[in-house]
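Paired with chain B in one complex and with chain C in the other, chain A is shared by the two complexes that follow.
Coming up: the complex of A and B.
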């Protein structure tokens, strides 16, 4: 029997290209449906885990999916804003501890998440380097965001303009990196976290500028009418918040009217959760969502797509299997002369058949081994690889 | 298919999350005594009175600093961030709060319940730059606790916050609140009685910190900008003389004892000095109630 296996192995090595193509075909036929199934199952588990960890989400009425993807996964376009005052209303209800979110801006395509320190505690985010946000204008980066941007504690990140054509828009804000979070292997790894007020400053809703009554600002005064001073465009506005100019930063008007993209209301108990959901049920401008329900609806769509893909793959697998069988049969037919030679040399029909089957067995075993390796790689590195492909 | 890719990306980046969940929220540290930070002494006193040792009340402003304008260094801000409860005065007091990141859910604005009663004053010229139009920066008067009826409302807010922090002591806190409000009501009545004796006579304030005292107790006062540890420049004295023409005050409230030569010169022009300590920072001796009683007694003795 060892002789049969040896001859089969030598045959495979001799016809290495044909064998490699056969092994690759069988590997893919086995791996693709299995890998896809694993990826989708793992995805469903992970995606629902984050949704499960976020009991409620409040945002403006509109697409629930957009709101959830923006608020939990920092992807998708930013939803219609709601007012910061809504957060104060939620807190005053005494039923939930609200966490504000303003996920609108980016730094080189890395999302900037404006929030409060409560978010870090809520998600269990811990610092790997540096310290927590203290002053306006500071940034704490997720592990992957720091890697992507190539920055460390002490470096700075710059907010990106929303549009390259926005010539009259706000200046990018230069933010010192004061901390980098330990990796969590979730969406928080890929974000830049700033205080909510810093996010408003990025938008230009708060700003710092020269004191209009100081002599340095004299050149920027367009006109003075009694107590009213009108400045021109040369008025120096600061694009970095430093200890020297931080006192000049201010917001105009009522803070409760400033925008948020969403609020994460953390219920104090189940009763609070039910009551607060009830209060917003008939609200015409706001929607209180359970992210899990939205994600379940999304996953239903995904699973429906997956079923179609799997059926297609099984059909392709059957066709590929038939082709592989044909290849073997043709190969055996083409090797009839070789089989006659073996018969003349004294080989029995059983040995000759065993030899042919051994070749098929070795090819199949090698293909199964490779499929197993690919499946293991998918489980381990599938996320980053797929992300790299999609991004 | 793009949707599928997006979902897969979103989900797969979370690979390993489950393994990491074991180290999630580390909030379960040993916190046998909750820590309460405040932004001024009156709130620290209220918290001490209401929690009666069940919390560790911290107010870390250095002696001699006015907490309204004090800027804590980052290491002290970090201590505020880690507190279980931070009691705020509201009315834009402690402006450093607007410049730092704080856990909003652990902040309690003790004057939010009477926001409509906050006094505002314009401090900067009206100006405009850019599309937002004309605006001016106004500042709120912040020594709300000098209106003892407002301080009683602050006490209620502190009590609610402490009850949330110490649900097992809700009843005891409620009882202490009743006692405290009785004490504040008594001081309020006495202060009203003493202020009524002034019968609308003109009064001067060394500093613009008595807005709520003036409104609550109907005092006819005008504020200067004099510091207790400085001798005013001659032009300030000239300004005072001019003011006395329209506002012939014979009494001047000071945040602290003025320099003896200042008190002497004021006496020469017929103005008596009364020290009425707002008590924004820790008192040198006694507590808020005893020092407020001292304020009332000094005012009564005039």
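Coming up: the complex of A and C.
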């Protein structure tokens, strides 16, 4: 049998390109359905794990999926905002501990999440380097975000303008990186965390500028009407919050009317959860969601698509298998001369059949090995990739 | 060495019949089998080798009754006792020269490639003048070199009987004498019996005996 295996191996090496094509075909036939199944399962597990870890989500009425994707996975478009005052209402209910979220801005496509320190505790995020947010204008980065942006503690990140053509729009804010989180292999790794007020400053809802009563600003004053001072554009506005200018930052108007994209209400107990859901059930402007239910609906769609894709793949696999079988049969016929030589030299039909089967076996084993390697790579790297696609 | 008695063979759906009442080739004899194309010479060689079985009669080779052997025994007999050389060399294109010479050991029952056998293959290659081509493949060799590989393969297991079917048919004049001399020299050295089918009358003086197949076969078309 060793002699037969040797001959089979030599044949495969001699016809290396033909063999490589066969191996590649068998590899794909085995790997594609298996890899897809595993990736989808892994992705579903990862996505649902985060949804499971988020009992409730409050946002403006609209697309539940958009709200969940924005608030939990920091993707999707910016949903219609709700007011910061809603958080105070939730807190006053005594049923939940609300965590505000404002996920609207980016720094080089990395999402900036405006929130409170409660979020870090809620998600169990731990610092790998540096310290927590202490002051306005500071940023703490997820591990992947720091890697993507190539920054360390002590560096700065700059928020991206929403539109370069909108002169009156959001101006970039330069934020010092004070901490980097330990990797968690979820969406928090890819985010920049700032205090909620810092997010509002990025939007321009709060700002800092030269003291209007100082002599340096005298040239910028247009008119003074009681306590109201009107200045022209030469008044210096700060694009970075520093210890020297932090006191000049302020918000105009009522803070409770400032925007949030969502609130994570953390129920104090199950009763609180049920009661708070009931309170918002018939609210016309707000929706209280269970993220798991929304994600289940999304995954149902993904699984439905996956089923169609799998059926198609199985059909392709059957067709490919038939073609491969045909290739072997044709090869068998084309090698009649060789078989006759082996017979005449003293080889048995068993040896000749074994030789052909050994070739098929070696091709199949190599293909299975490659499929296993590809599947392992897919499990390692494909999950986050598909998650990014799904999101 | 070879004893044929009452031999009769006919291919299915063919009128051609091979009919030999009695024939004998002595041990160590070098015999040329001549006759026109298609007269049945190759069929006789296949019968002697046990590749085909006669419809009637018996074939004894080296004291063993080939026609009474089982399939497995005939294969074993063929691989251990016979050396076969073909007109078209019948080398496997995916095996190196060395592996082609060692091929019988890879397909035979209870045979293995050992260091001794590898040395034997190298010695044979040296003897036939292809020692420097052991790692080459058949498509990298000339026709003469290919036939020398085939001869080395036939002689690997020191056969008692060498059956060669037009071994020089595809060779140039220089190579045909070289290849035939290799077979004859080996047969002489090892006292092996040699039966060579040939059309080439230039080669006949190298044989002890020349058998005209048309006289040997008693069947005549109606």
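By definition in this document, the second predicted complex is superposed on the first by the 377 of 391 C-alpha atoms of A that agree within 3 Å, B and C clash if a C-alpha of one lies under 4 Å from a C-alpha of the other, contacts with A are read in each partner's own complex, and residues count from 1 in each chain.
Please note the rule applied: a contact is a pair of C-beta atoms (placed from the backbone, for glycine too) under 8 Å apart; a residue touches a chain by one contact, two chains touch by 3 or more.
These figures come from a predicted structure and were not determined experimentally.
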Partner chain in contact with A:121 - chain B first, chain C second, else both or neither: first
Which superposed partner A:14 touches (first chain B, second chain C, both, neither): second
First, second, both or neither for A:4, with chain B first and chain C second: second
First, second, both or neither for A:314, with chain B first and chain C second: neither
Of chain B and chain C, the chain that contacts the larger number of chain A residues: B
Touching partner for A:361 - first (chain B), second (chain C), both, neither: neither
Which of chain B and chain C A:344 touches, first, second, both or neither: second
Residues of chain A at both interfaces, chain B in one complex, chain C in the other: none
Chain A to chain C touching residues, read off their complex: 2-4, 6-7, 10-11, 13-15, 337-338, 341-348, 351
Residues of chain B that touch chain A when the two form their complex: 1, 3-18, 20-21, 23-27, 74, 77-78, 81, 98-106, 124-129, 132, 134-137
Chain B-touching residues of chain A, taken from the complex the two chains share: 39-40, 42-47, 49-50, 69, 73, 75, 87, 91, 97-100, 116-118, 121, 123-124, 126, 131-136, 138, 183-187, 189-190, 195, 197, 209, 212-213, 220, 227-232, 235, 246-247, 249-250, 252-253, 298-299, 301-302, 305-306, 379-380, 382-384, 386-387, 390-391
Interfacial residue positions of chain C with respect to chain A in the complex: 46, 49, 51, 71-72, 75-76, 78-80, 82, 84, 86, 90, 92-95, 99, 103-109, 111-113, 137, 153
